[in-house]
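Here come two complexes built around chain A, the first alongside chain B, the second alongside chain C.
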Partner chain A sequence: MEKTILHLDMNSFFASVEQAANPNLLGKPIAVGGGIKKGSVVAACSIEAKAFGVKNAMSTWKARKLCPHLIVVIGDMTKYIYISKIITKMMVDYTDLVEVFSIDEAFMDITKTQDRFGGAIELAKDIKRRIKERFKLTCSIGIGPNKLIAKLAGELQKPDGLVVLREKDLPTKIKDVQVKELCGVGRKTEEYLRLLGVRTIGNLNSYPREKLVKSFGMAYGEQLWQMGQCHGASEVRPYFYETQAKSIGHSYTLPKLTSNTEEINGYLLRLSEQVGRRLRRENYKGNVVCASIGTGDDKTSSHQKKIKDFINDGYQIFKVAKSLLAITNKIRFVSVSVSGLLHQLDQISLFSHVENQKKVLAAVDKVNDRFGEFTIERAAIMSTGLQGKTGMVPPKLYGLRNFKMELRGIEPLTSRMQI
Partner chain B sequence: MVKVGTIIKVGVVFQGSKIIPRWFIWESRKYEVRSLDFTWEESQGLEKIIRFSVRDGINSYELAYNTIQMNWALENIC
Partner chain C sequence: MEFTCEKKYLQSGVSSVEKIVTTRSTLPIIGYLLLEAKKNGVKLSANNLEIGIELALNSKVEKEGAILVPAKTIAGIVAKLPDTKVSFKLNEKGLINIAFGRSNFNVHTLPADEFPVLPKIKADKSFSLSAKLFAAMIKQTIFSVSSSDDKHVLTGVLLEFGKSGRAGDSANFRMIATDGYRLAKRGEVIELADEIKGSIIVPAKALQEIARIIELDKEEAEIVITFSADQIAFSFKDVYLVSRIIQGQFPDYRQVLPKKGVTKVLVSRKALLDSAERATVIASGSANVVRFDLKENKLHLFASTPDIGTVDEIIDAEVTGQNKVQVAFNIRLVTDVLKVLENEKVIIELSESLGPGLIRGDTEGQYLYIVMPIRTQEAA
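Up next is the complex of A and B:
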């Protein structure tokens, strides 16, 4: 039986939310980012800004050169996450099989439930209507036999599109589509494929498997060949399934280039504390600490160290991360992550100071849960001038994984239905 | 956007489970809410904050209702 997978992608999500929240911005070129300060980048831009050549991840400075009357709006993640959560709730009204792919994208497996809603197209139209009514936002929906094709279908008509690609139509309908439209084909792969004479999905479809494996290696070459045959994963992993994290990390782009060790250590400590908080919240401990710095010329150097104990205390993470970094040049980016994770590892220590430290951390976490992040912070952060500075990070410790954790609060459809 | 962050007086209508701001007073001046454009929620610790994007016909304002402390604030003028 052919599966029916639906892919929903919110159009210019952050920018559209800001325009809907402030209709004075409607029809104007806007960019959502960290403001107009030096080094800030465009996280998302409106359709009107895109018309001027403004792109996501472009520096605000460059974006303003392309579009001098660009309005830069400071992003508000809590707003976007709230809306994304409500949209996910709407999607769960049609099927339990909703996989959150990112904050503004999700897959649904509607194979078994579409008939209840008048078929896939009617179901898709209903979701679009509800999102528009509730938030005045548009989305593009693609429907296909697997996730790869559903996502591709969604890319074919933007904004506010609805495209269906059935298995039988695939060879004719997408043969002329550029390979870069396929999820998993990045800029470098696209360039390399072009050198091999592969520009379209049709070219990829007829390209010999063994030659792809020879050029891209066994795993990726095989994956590319499968993509060329329009084979993709069709299993939608529901939002309420727990997945084992491999690593937990945070990064930050500094407002300006600096080689000031004290300042960099401040950021490193704040990031380490965030990582520790997330590890404790999700009940993990890890024994590999990785620290990275990026220089002004966009070069990144990463170092990691395996330690003998499994840790989730921000200060311990910071001490290891700090020992890994040697600051010689001016830097603009810093990140900390912990891997080698074990879940629910909580051994009672023989040493009372270790147990006492655990109690202190648990008490601090409890206060911050009750009164909000950064209500209690480590005294060491005081010397860095970053205390209470929530502008550096969102007030909640968001990442896609945390977002998915929050979604687990949404009751699955089956438990709400009287069967 | 201008950050304000001041506790203000707000007149609202509770319509079913919806809260609809009708007017607010800020610095002794009354502003009539002509349109409610957007509503979203966030948590600060255990406190739930409901945020409203409203317009008086000229400017757009962000109002915030703290459901635990039961107070209203004018957060931003956009």
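Up next is the complex of A and C:
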């Protein structure tokens, strides 16, 4: 049976929320970010700002050059999370099968429930109406037989779009769409495909399978071919399913370039402590530590190491991360992550000092849970407060797991009906 | 320098020393072997600054001399030797000619005087025991050392001298190794002078090498062990191996020896090992966690991994004490010890679900193994 998958993407989410919250900003080019300090970036910009060529993740300085009357608004994650949560709640009114893809994007499998709402299009219109009434926000909805096509359909009309692609329309209706619009085709792949003469989905559709496999390898080549045939995963993983994290990490962009190892180690320790804290909160331990540094543009160098023990102590993570990095040039970007994760397992040590250390961490966590992060912190990182919260990133980069934690309170439709 | 040597001596000699050589060292000279030909024979040495080894090569010396040869090249040639005599001859250009049958190698060398001298220990304390016994003790403990650079003292094996003072423990020489999650202890009664007391930590690598050399040798012989405050030397037949001693405080292992276990389980070692290894097939997908479940004289090993499956192994057991215990272990820590025990039956002593497990042979022996459990969601 043909599935009906709906993709919902909030238009310029962070910026639109700010405009909706403050009518003075309506119709004006605004950018949400860390401020106008040197080195801050645009996390999200309004439709009006986009018209000037302002893009997400652009430096504020460059954005203001393109659009001198750009209004820069300091981002407020709590607001965005709150609204996103309510929108997710609305979606759950139509089906349990709501997959949260990022803070401003979600998939719904409405195959079995659409008829109750007068069909897919009526259902989509209803969601759009409710979101607009409640928050004065618009979204683009795409409907298709799988997630790939639904997302693509959503991309075709922005803002405030509603596009339906049925199995029988494929690939004819989208044959002239650029391949880069496909979710999973990045800039590099796009460039490479162009060298092969593949620019549109139509080109990809008729491109021989063997040649794709030869150029991109077994797995990715096959995936690209499937994409060209408009095949894609249609399984929507509901938001309340616990997904296994693959890695947990934090990154930070420094206020300015530096090669001061003491300063960099300070940030590294702070990030490591944050990673450790999250590992413990989500009940994970990992045995692969990865550390990266970068100059702030695209160039980052990453190193990782597999260690013998599974750890979740920030200081231990820091020690490994530090050993991986050799600071030779000035850098602006630091990140630490831990992978090789194990859930809910704790190998008990023979030695009481190790078990005691675990108890100390648990106690510190408890205090910080109650009185806020870094109420108790290592003396070594007291001087390295990360300026401008690390949370201000473009919506697509905002940690999905963080957001999913926020969604824990939302009851699935089925359990509500049982009551 | 000129000498000839039989293949069998050359092969065993080179294979005994080559493991010491590290080619990745920043000091290139560490990648070389020292060949010293004197009237009474040829000496072969390797030294990586942590461990040094020298042994006699049974050979016929024509002309005395000493030279450094690249270890990797020599090991490569020796590995593929036909059964024949090999002649070594150093020419004026500093190349060593290695000839046998119709093969003819000329290999670059370095002058011998650059080689770090193997330290001779001032005979501080010395004792000897059967080499085979010594190797067996190493084999039963060494696998428990830590491989983490983080826990430096735990990368070595503790050699402890003198009586423990525990009732029923007659051993006056013990080896103890632990990585923090399990601990292996093997004791033995040997001839030991009264002034040898206290303990030293010996790098696992040195013990591993000496055990390997002892095991290569079929004959029974004594090993003489000499140590000072910072070095230890092993003399076994023609082999002399010297290693630094790890400085630091080994954790007080006596504190972690469990008091009486609540439950004693007697099982066939082979049956348990086979079951444990089969359970690993599933458990390897989830950090090797296997739940030991004791029910009515049956020991169940249970493991599950999402997307792969589950396993339930049932082993006959004789249980004394409490007959209902559930505890999870990293199964690899259990199979490790089952492989080095030689008893037909083993005893597992369990206490509460988060307390240590103890594994030993069924006969009153000098061996003891402690393994700490894993706290899982269910147990928490």
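Observations, loosely collected:
FYI, the second predicted complex is superposed on the first by the 398 of 419 C-alpha atoms of A that agree within 3 Å, B and C clash if a C-alpha of one lies under 4 Å from a C-alpha of the other, contacts with A are read in each partner's own complex, and residues count from 1 in each chain.
Everything that follows uses one rule, which is that a contact is a pair of C-beta atoms (placed from the backbone, for glycine too) under 8 Å apart; a residue touches a chain by one contact, two chains touch by 3 or more.
None of the values given here were measured: they were computed from a predicted structure.
Contacts of A:L345 after superposition on the shared chain: chain C is touched, whereas chain B is not.
By the touch criterion stated above, A:N24 is placed in contact with chain B alone, chain C being left untouched. Of the two partner chains placed around the shared chain by superposition, chain C is the only one that A:V354 touches, whereas chain B remains out of contact. In the overlay built on the shared chain, the residue A:Y82 is in contact with chain B alone; chain C does not reach it.
Among chain B and chain C, the chain that touches a larger number of residues in chain A is B.
Of the two partner chains placed around the shared chain by superposition, neither chain B nor chain C is touched by A:S251.
With both structures placed on the common chain, the touch criterion links A:I307 to chain C but leaves chain B unconnected.
Judged by the touch definition given at the top, the superposed model places A:S259 against neither chain B nor chain C. Chain A uses no single residue to touch chain B in one structure and chain C in the other. On chain B, the positions that touch chain A within their shared complex are 1, 35, 37-38, 40-47, 51, 53, 55, 59-60, 78. The part of chain A that touches chain C in the complex is made up of residues 307-310, 319, 342, 344-352, 354.
Here chain C touches chain A in the complex through residues 146-148, 150, 178-183, 251, 255-256, 286-287, 289, 330, 354, 356, 370, 372-377, 380, going by the rule given at the top.
The residues of chain A lying in touch with chain B in their complex are 17, 20-24, 73-74, 78-79, 82-83, 135, 368-372, 375, 395-396.
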